[in-house]
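Report on the following structure.
For clarity, chains are labelled A, B, C and D in written order, and residue numbers in each chain start from 1.
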Amino acid sequence: MSENYRNNFLKEVEERVEEGHWVKMCMQCGVCAGSCPLGAHWAHPPQELFMMIRAGKREEVLTSDSMWMCTSCYNCVVRCPRKLPITHIMHGLANLAYRLGLSPKNQTTQKFASMFWNNLAQTGRVNELKLSLGMYFKDGFGQGIKNAMAMQSVGLGMVKAKRLNPMELFGGHGIKDKSGFHAMLKKAREIEDRRKNFA
Amino acid sequence: MADMKVAAYICQGCGLGERLDTAALASVAKKEGKAALIKEHEFLCNADGIKMIRDDIANEAVTHVMIGACSRRAKTEAFGFTDVCVSRANLREGVIWSQPETEEARETTQEMAEDYIRMGCAEVKKMTLPEGDPAAVTERTLLVVGGGVSGMTAALEASKAGYKVVLVEKSGALGGWAAKLHKRTPGKSPYKDPQNTPVAEMAAAIEADANIKVYLNASTSKTSGAPGRFEIEISTESGSTTIEKVGAIVQATGFELYDANKLPELGYGKSANVVDQAGLEALAKAANGSPIKRPSDGGEVKTVVFVQCAGQRDDSGKHLPYCSGSCCLTSVKQAMYFKEANPDIDTVVIYTDLRMPGNGEDFYRSGQEKGVIFTKGKVSGVEAAGNQCKVSFQDLILNDQVAIDNADLVVLATGQVPNSGVDIDTKLKAEIAAAAGDNSLMEAYTASQQEGAVQPISMLNLTYRQGPDVPQLKYGFTDSHFICFPYETRRTGIYSAGPVRRPMDMVQAMEDATGAAMKAIQAIENAGLGRAAHPRSGDLSFPKVRLEGCTQCKRCTVECPFGAIDEDEKRFPLFNQARCRRCGTCMGACPVRVISFENYSIDTVGSQLKAVDVPDEFSEKPRILILACENDAYPALDMAAMNRNVYSAFVRVIPVRCLGSVNTIWINDALSSGYDGVMMMGCKHGDDYQCHFVKGSELANIRMSKIGDTLKNMSLEEERVSTFEVAITDIERVPQLINDYAALIQKIGMSPMKGF
Amino acid sequence: MAKKTYSFYPGCSSQTKASSDNYLKSTNSMCKYLDIELKEIPDWNCCGASIGYAEGGELPRIALSARNMALSEQHNPGMDLVATCAACWLSTREAKERIAHSSQTLSEANTALAEAGLSYKGNQAARHMAEVLVEDFGFDELKRGVKKPLQGIKFAGYVGCQTNRPFGLAGESFENPKYLDNLVEAMGGEAVPYDQKVTCCGGALAFSEPEKSQKQIKDIIESAYDHGAEMIVTPCPLCQANVEIYQGEVNKRFGTKFNIPVTYYSQLITVAYGGTAAEAALDGQLIRATRLEDIAKK
Amino acid sequence: MTDVIATNQTILVVGGGISGMTAALEAAECGKNVVLVEKNAALGGRVSQLYRYFPKLCHPVCGLEINQRRLKQNPRIRVLTMAEVTEITGGEGDYTATVKLAPRYVNENCTACGECGKAVDAEVPDAFNYNLSKVKAAYLPHKMAYPQRYVIDPSIIGTADADKAKAACKYGAVDLDMKEESVQFKAGAVIWATGWKPYDAAKIQPYGYDRFSNVITSVEFERLADIHGPTKGKILRPSDGKEARNIAFIQCAGSRDENHLRHCSRICCMASLKQTNYVREAYGDEGKSTIYYIDIRAIDRFEDFYQKVQKDKTVTFIKSKVAKAVQDEKTGDVVLHGVNTEGYHRYATPHDLVVLAVGMEPSVMAANLPAEIVSDSSGFIEADPSNHAFFGAGCASNPLDVNRAVQSATASALRAIQVVNRVARVEG
């Protein structure tokens, strides 16, 4: 049986995607598509993704790299005549794709996003140096050295301007109540996974 | 009426005193205009000037007043004496504001002014005060034809205003289309959910209303008379007939859905699971809140597809070309029926443009909130496959040819087709052409009647000369052509309401019906006072006809835009005053000039144009007569003058009620009096006509196309008579037209007819 | 004016020797001049920014902000919570509104917070420092403290995204917010009109999609240059960092020769109020804001 | 002192646009007494500022001429201009209205000869042309103004210009001592035909109406096309007076937008379709119109007009809500950015001129009333029993096209008549 234009995927999105219940409210005006600074680089603008969700194109949506291009600039959100929280829906769709393992391989933003989270989740605060290095080395050691060399001048400048501390590599900032913090995040994740039906 | 005493008043204000020799004008009024009393005044429209005129009327027995001042459109109230005949010589806008303020122009400007004084005097002498109709009667009862929501609304609203109503409904119960609905779309905030229809409530109110008499299973088998005195023969299914006397009629005969059998490509007739909106309402009514079952097998409905614009907005000529304006709302409402019963049912609305204006947007949002899916697409076909249907369409957003192959139910949003009865215009047009000597249309019409084609059933069975129903505007709808005047049907005292007038939803139909009831009540009141209805509202004049001169040519009876004139047993025209709108088309049509109004006649215009002083052939001062529609061309001339857009001093302008009232005798008279040219300025005609009397300018155009023979007989160039379509905004174009025409006349030379 | 006290959320990038160290330093100096006391929220955590979504999901991210707000409520009661970082402010305010709109989110957030021995009530406003300046002081009041007007310097007020959308400052337009220009004018500088005031700098995608975000940066700087700006001023640490740090990269990629200083409003105010270059943390600029340094020296 | 004779069988009509005029005329032609209150100096309202109507492309002032003629010859209607209802007390069938009359500084002696206008030097923005041009500070509101009487702008009162105007008038029509006054009278029922105002385009920030001179509103475009307008009917763009041949029309400028107007304003699609005709009229095949839309709402037989325009090769339709407009500082062209959602095509298209099809916002009523008028979420007056004998008419009740506004006004006249007839029956 065809899943075309049945609501199964829409229902899944409503259940499992942040602010997913808004998807049905889109009226296909396209203002979001035209407002996105990275629009030119997307396969599918938000409004089209919403239509695809309504048309039941689950795989096409979840394997798309479109939502990973969101810079969280909120242009779409403030212009949407239906007040859809598009930025959040994009994040939510990306999250769903990631959780289901459907997001495109080597999606750099996805890698950065999870690195960022893991970085902050460890100590409660972001360690900018580790994050940057992590990003440079995401594609392996060799590439990482190259990336880091390419950005060397920037890094040195930052150090000079006292805005980057090489010592951050060995510890650095963090909160005191790490255990409470970790427990809190664990609990939040638990609740969310239950609600969104993630294993 | 007492003996005629003409008084001429010449204003010196607004620069008239400086630009013109008013003493000379007074002398023209005296010597040529034969006015008994002549007064100049430095500021005629002020309280003192008005009092002077009033005193003369009271003390000097003045019966006819010629005012030489500004345009008749200015200071209308100040000079609006109702107890005497008044003519206005337009010296301000018509002369000093439209002529250059130069020494060289002084002579021609003065000549122009003197002519207008002559014309004003000549005109007023031919006028008599309209008497109205002393026998005017009126029946303070409305007939409402059609017992749907529109008809019921008209009846109830009229009753609330204190009028009696006779309501005729063809079926056995009130309610019409609305009675077939499970629910209606909301008509008030918050525009979220389907509502109960008002049918039961309204029907009960009608039943309880002593002012409203209802005939069920009945039709109007004969409608004769005129506003104020219609006689209605009501026939019931049982065969009985009753006569009701009413003053005005509201026609609320509603619509039928477009026949979905004409849409086999959308699966109608091929699967029981393809229904139209009425079919879906029937299913919903039967289900009454419980889940709607699949018609073919009573199975569970999991997927419903709504196909918008089915057989509508069609440019192939096969189906309805128009949009019915209400189907989008209806489909959203119907999708909600399913969502209310079970939110898991998939409802997809396939549309090209969703048309839900106003706070219909809230209803759209509400549909989306309830999970109705909207897809911009074009449906190419619906195929039945067992108990399901496959709906194939182009998804216009995803740019994809796709199909929904598991639809349990497909709802086709077909449009509204009005129940407007017989299209009388085809025959009428043929008759007009035949009267003008062209029989081809009549032959075609006769042929069409003989082919045994199914003829529509008349709604009103009017005994009118021009046919049994209200003329239709387009696609069978009986709407007005006028944007500013939606209730101007071409049958005075008969007003359309609801979807028979125009495709519409229930909210609009109720509003429309209330307005129609208002107009019907107004028609009743006006008929009682012998007054014209819009656009010459309040006019008490009325065509007077000298039947002894009539040749029974029928031109007046077929050309009257309002069907006001019937034919009596002896085939003489029978004027129905209360139907008449005082446009003068009959006067213009009459080849033997036996039709005139008291204050607007063959003579009032004829004497004006003859009063003009036509210089001889060698003067190099041609004379051009302009007959200008008083509603558009004349104001355009006034406003051109306000802008000081100057034009030729050789024109003399006479405002006419409508170009349709222009009788060719005026043209003949002008030419034989030595005018060098005649310009006729009327409104745009054709499909988007702007003539306030519907076809006056078009008729004038037809008549003038035949004036060529006359010109030939007089050995005159055909350019000497020209018609122009002029709009009220043509404040630069009109002076240009005049100047171009004056140049043309100069080129072809002066008329050889001068001095005869 | 009486002393004002706020519960302060500096955010990760404002920490010592982090990327917007200079923002924190100049903010502290500015507050000294304005008689503002900033009480740091004890043990605050990262806001999660926008980019945490892949791993973080929804509720864990809300929990991050809820923890900060709960700590603020507990330790700095009766004060408004104020952030200087656009992302910190946005995350906090967004979390606050999400919780306010859903009792379920409130209870879920509190269930999570309970694990850390905290609870959230929602009794503090979440504000950006720019709001404090505009709303609690106002331009006339801010003008009063100016000792060294920034005369003759042309600034491009770069508002960017997250201090502007989706919330922004009350009464400001999303497309053409004026407060930064007004602030510049209040300090005696000249605000040039240009059309990239609210263009996105690429945000977190500066890392993952460098060529795309650098195009954004290029457009912003180019427009500022074309309209005669000598300096860019911004309220957002990520905007500052992206637009300043990547100028070299942008020059390489697009063949441009950009070298425009990118400063914080707090630095402008500090200098205009007579602060030293050190107080204004002008040594924290990768591209030296020499015109400001000159005034600070005077 | 202005004196208004009225009883509780009089109908008060507030607003002298086409809806108010219609309501007043229909009631008066039914034998009822009416007081018609208009806040501007002349009747006619919004439609008098339109160049043409859709779909006939006829001129609105043509209907105005008829309505004014009906009015001039009907003694049952008392017209008060420059008048605003400030308060209504009492109840159904027995209201007392207080109306504030602003001084016109010109009395009924005025013949509209225009000498005062010639005499003064000062110019003021011409509201009739949406301030796109200026007019002398002693002016006739427009060429068809009714009453046909000049107005002296309050800004010159007390200046030498005012004295010049007074000196120029030979008819004693200029009265510089006129003061604001207030009149009170009875009414049995009140028709609110207060109309609409174009949504404030400056609020739609992405389109830069407040920043870009070549972004104008649809109502302003009407003035450009009109012979009585600031460009005498030539379609020239504001920045440099260049012929605007390539024009974009942005639909739903404010409408169908929860950031602005929640409702669909119904008329704007048709208005833009109509305006493409102005472009064709002016430039023939050299003109170019692009309509950016969400749904084209050419309802009922207006569909014909849509189909006709679709066949015009100079007109392009793009299903897209434009994201952003940017005016090029050098060329003056306005570049529109967005995405055509039919198949996903991005565009950044320059146009000579951009016309925002602004939505209808109901005019706000400032009067003190016995109870708040029940209206919908957009502020349009609803038909509701708790509104008693207050009836909305025309665009005060719904975003309507002219045709439907007149129907609504006609219906409202009957509702008011029902009340005063009831009063008459009781009073005998």
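The rule is short, and it goes like this: a residue touches a chain if its C-beta (ideal position, glycine included) is under 8 Å from a C-beta of that chain, and two chains touch if they have at least 3 such contacts.
Please read all numbers here as calculations on a predicted model, not as lab measurements.
Contact with subunit C and subunit D alike is made by A.
The greatest centre-to-centre distance from subunit A, using averaged C-alpha positions, is reached by B. Closest to the middle of the protein, by Cα centroid, lies chain D. The greater number of contacting C-beta pairs, out of the two interfaces B-D and A-D, is seen for B-D.
Chain geometry summary: the mean Cα position of subunit B and that of subunit D are 24 Å apart.
Once the centre of each chain is set as its mean CA position, subunit A and subunit D turn out to be 49 Å apart.
Each chain gets a centre from the mean of its Cα atoms; for subunit A and subunit C, those two points are 22 Å apart.
Centres computed as Cα averages put subunit A at a distance of 63 Å from subunit B.
Contact of a single residue of subunit D with at least two other chains is seen at positions 206, 256, 319, 324, 341, 344.
The set of subunit B residues that touch two or more partner chains comprises 354, 376, 397-398. In subunit A, the residues that reach two or more other chains under the touch definition are 27-28, 47-48, 75, 78-79, 82. By the definition of touch given earlier, these chain pairs are in contact: A-B, A-C, A-D, B-D, C-D.
Residues of subunit C touching subunit D in their complex: 173-176, 195. On the subunit D side of its complex with subunit C, the touching residues are 205-206, 208, 210-211, 324, 326.
Looking at the complex, you find that subunit A touches subunit B at residues 1-2, 4-7, 10, 24-25, 27-28, 47-48, 51-52, 54-55, 57, 82. Across the interface of their complex, subunit D is touched by residues 27-31, 33-35, 39-40, 44-45, 47-48, 75, 78-79, 81-83 of subunit A. Every residue of subunit A that touches subunit C in the complex is listed here, in rising order: 18, 37-38, 41, 69, 71-75, 77-79, 85, 87, 91-92, 94-95, 98-99, 108-114, 116-118, 120-121, 124-126, 128, 132, 135, 151, 153-154, 157-158, 160-165, 168, 173, 175-177, 180-181, 183-189, 191-192, 195-196.
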